[in-house]
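Everything below concerns the one structure shown next.
Note that the chains are named A, B, C and D in the order they appear, and that numbering of residues resets to 1 at the start of each chain.
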Amino acid sequence: MAKIDLQGIFPPITTPFINGKVAYDKLASNVEKWSRTGIKGFVVLGSNGEYVYLSEEEKRRLVDSVVESAADEMLIIAGTGCESTAETLRLTEDCAKLGAHAALVVTPQYYAGRMSESALMTHYSELADQSPLPILLYNVPKFTHINLAADFVARLSEHPNIVGIKDSSANVIQLGEILNGVAGGFDVMVGTAGVLFAGLTLGCVGGVLALANIAPEPCVKIFKQVQAGDFEAARDLQLKMLPVNQAVTAVYGVPGLKAAMDMLGYFGGDPRLPLLPSSERERSEIEVILRKADLLNQR
Amino acid sequence: MAKIDLQGIFPPITTPFINGKVAYDKLASNVEKWSRTGIKGFVVLGSNGEYVYLSEEEKRRLVDSVVESAADEMLIIAGTGCESTAETLRLTEDCAKLGAHAALVVTPQYYAGRMSESALMTHYSELADQSPLPILLYNVPKFTHINLAADFVARLSEHPNIVGIKDSSANVIQLGEILNGVAGGFDVMVGTAGVLFAGLTLGCVGGVLALANIAPEPCVKIFKQVQAGDFEAARDLQLKMLPVNQAVTAVYGVPGLKAAMDMLGYFGGDPRLPLLPSSERERSEIEVILRKADLLNQR
Amino acid sequence: MAKIDLQGIFPPITTPFINGKVAYDKLASNVEKWSRTGIKGFVVLGSNGEYVYLSEEEKRRLVDSVVESAADEMLIIAGTGCESTAETLRLTEDCAKLGAHAALVVTPQYYAGRMSESALMTHYSELADQSPLPILLYNVPKFTHINLAADFVARLSEHPNIVGIKDSSANVIQLGEILNGVAGGFDVMVGTAGVLFAGLTLGCVGGVLALANIAPEPCVKIFKQVQAGDFEAARDLQLKMLPVNQAVTAVYGVPGLKAAMDMLGYFGGDPRLPLLPSSERERSEIEVILRKADLLNQR
Amino acid sequence: MAKIDLQGIFPPITTPFINGKVAYDKLASNVEKWSRTGIKGFVVLGSNGEYVYLSEEEKRRLVDSVVESAADEMLIIAGTGCESTAETLRLTEDCAKLGAHAALVVTPQYYAGRMSESALMTHYSELADQSPLPILLYNVPKFTHINLAADFVARLSEHPNIVGIKDSSANVIQLGEILNGVAGGFDVMVGTAGVLFAGLTLGCVGGVLALANIAPEPCVKIFKQVQAGDFEAARDLQLKMLPVNQAVTAVYGVPGLKAAMDMLGYFGGDPRLPLLPSSERERSEIEVILRKADLLNQR
């Protein structure tokens, strides 16, 4: 299996809905627009894609649609994590057939108290043994209430088909410990733009960032500035983008991210219930934040 | 819609698997055995039923199978909660057609930080408005990291088609506050045998109890003793069953519950991965606990 | 050492301040008034006594003052827990000299992550070995972020000079496990009125209850009703008092408790900063709650 | 009041005990040794100084002793935070008289649920209004279970006598938000070496670091490398020191820090009970970690 190149910025793309149905045409036009921003590829079926609200059929069609729409050089990563090992494997195999290049596998979470390292080792090993796609671990304690500790990630990194991690913990100490501990060739990706600059300067190869749905260019710029050793500029841009990132993640969540997309020329639309669309007041607040960060023209 | 009668004990039944496939014959024999213990009915597709590991097809067939196997007087409650409102409604409608009498609807959980009371009110109201089955709320913060607070439950209880709650928080203060606040005719059910005696003496109408999978008779006995005013005997039996309940819930989880079933004449079997089956050592510890509680003969 | 009798209700009394200074005369008149309500004794220097805001000198004088003011048959329990073992022992010895009958010792908490069972065993054993007073454990995770688990309490209960526990966790499962596990003669006391009825019916000998500062008579009544086997009446009174208890603990805290005291004929007064006194709005809300529970005359 | 200069590295020094008594001579020799390492000054009475185990008298004498032992150019910061506002002010005044240059004031914590922004604003404002020393906020949620959010820190930074913060949350997003929000001239200090490099590159002026008790030179080196723009070298040293820092903070705590001091030519000694000294096994593990980081000679 040829090693995939994860260096760069990936938006974990939102799923557009119109009247509760997936709007594949809007997805295609978003993909086209994102493709011109310097990003390295796409993550489909991630947390920002409301994957927990999608049927198996919708998941397959979404991956298919992105593979079709995206330029050839784009790397397509599919979120294939399900609660059960068997279902995760089945979806991973389907996504491989559809042309995805890697699978991003979130930790199972419902029985969090039983997800011991033994259980998770079994889950990821069985999957990686059989998966036709290289596996990326996905650590997102905010949603799963499970954390993949650095020494456990180091053990998982020994598997030849587990090739990286998206760590969305925002825990920079842990990022450092992971970087210190993992096997050679295992890639560490920043999972939230809130610590993009910190993660890249420590040695992460790239980022999978909700923020890249609405502000891919600044994310790519920070990535390139750090690569070029221009740390001061990268730091300044990081601090400028920080309030925007907080808005579209911690404060207003996926609905806020979609609202911001609508303001910035992408199709955002409403989330599926029970996620409520942003209120008018929230949209006004988001707009102010986008203007302050020069993502929208100052009035 | 005729009011359903929730007074009594309900096991949230486990799902038997053989080689990873649902063993419907084992389910039928379990149901037959449970039916002779004095329980009031069954909860299918609950947390102890590993519902998060079941496909839609399996869910429907499981409900169908229990409806077929159970005696006519048994009340069948189906766990129909999914992450999205639309999918929850669809499954609820399917379960109604299959003959279930009520739907137990867990709180959506993945985007826990966005599950405001507005979001949850929308979710449950839309569902209850359209559901052909009466809705029971299911509060299980241990798994969902969301708690339905008492005053919010009181508001939900005003809906004519939201008829009760299974509160598995084990929070007896909250049980009291819920009992104080809810509309007349809204039933409060204890969701864990650890506070069965406490909940019943406070005014809960019954219990949905993992423990009732392996020890339905003692659960029914506590229920009847409290009804008869024989509190001392109920208290003694509660304290005797407490270590067993802790073992098959907090300590060893669903795998331990299934292992205990195997020891007690039911079919337990293995859980689906990533839940690991109980180890030999864990089984020995469980056996000791069952013997101490006189559920297995003392050696 | 003669065994102390903990059967009954104890208010963990508030500390009256006027202009930031301890008002010993107000304390004496409160003690006199409480003494006529049927309570068994007093806890001085507890969490509701703002013990963390008191100097060593004030602590000693407060114990002295309560010993002087209280009737001879009243049991005086002093909160002597400090962060260090040595300081705890010194204060315990001082309180013994001043005439206290037992010491209530909260878990040290600042270095919560280091408070392993070894550390806590050393702390309590050293103390109990040397203390002239019998030791009561004080488990209050709400404030300390440490929980004394049932099996650890069972081990501590083997020490001849550790004679009981006030468990303020409100965890009724844990109360049951403690009752199941502790040595004979070790007394378990309910630490919050929210689970007074549940705790007493399970086998607790009494209660140390913030609520008993403002409503000692109902607390004593519930205690006597349970002793007399009149569970229905006890349950009804428990449910009636529940909103009051929540108000003066979880919702409005020590400032709210003191405000309620002022409304009910005791001297409450202001807490020490940084605890802020209840606002006018909060006082109005508290008043409504007291009226609904018939503690204040209905208007 | 002349502005104090917080640029640089400060160890929050441990308190040496021999047979439970403060060993002032050992303190003096430690201070002398640290003074030759390039640090900017000292924090006395911090969390690593076991301040919660010290009497008022010991606190005063410790500050006095450090002021006496330290070279004139050293900045002396005293940890004066107590639970009550009044006691905090009194200790701050005492430390001013003893020659300290600034006061580091931890958030009160026992009644964490009542420590609203109003309560904390009152606490810090009253203190800052009256304090003869400039006030540094001390945010250490690990110990206090309270977090000073960035927008609240921004509000506090408007007070002319609140001049900075030591943020030990290890939350780099929050560090960025604080840097974005605070008033000009308000200094942000990294509170844990785990994010020293990340904090300094973002714009923090210096660090108060447990690690600087045992490895002041590498901490100073990282500080100077970042100042000089030599980010790659700083990053490498950061990653090399990370396991050491985790050992003497999260893993082995203050006892482990003191054990490491003993290995590295400082006087560490035992902590006060209930903190237990590191076991032999823990000391061996610490030694291995120190060797791997080249702080002890490789065997």
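The definition used in the following text is that contacts are C-beta pairs under 8 Å (C-beta built on N, C-alpha and C of every residue); 3 or more make two chains touch, one makes a residue touch a chain.
Remember, it's a predicted structure, so these values are computed and weren't measured experimentally.
Distance from subunit C peaks, on a Cα-centroid basis, for A. Taking the options A-B, B-C or C-D in turn, the interface that duplicates A-D in more than half of its contact pairs by residue number is B-C. Averaged C-alpha coordinates put the centre of subunit A at 35 Å from the centre of subunit B. Note on chain placement: the centre of subunit B and the centre of subunit D lie 50 Å apart, centres being C-alpha means.
Taken as a contact graph, the chains are arranged in a single closed ring, with each chain touching exactly two others.
Only residues 20, 47, 52-53, 55, 83-87, 108, 110-116, 118-120, 122-123, 126, 142-143, 145, 250, 253-255, 272-276 of subunit A touch subunit B when the two sit together in their complex.
Of all the residues in subunit A, the ones that touch subunit D in their complex are 170-173, 176-177, 179-180, 192, 194-195, 197-198, 201-203, 229, 231, 235, 238-239, 242-243, 246.
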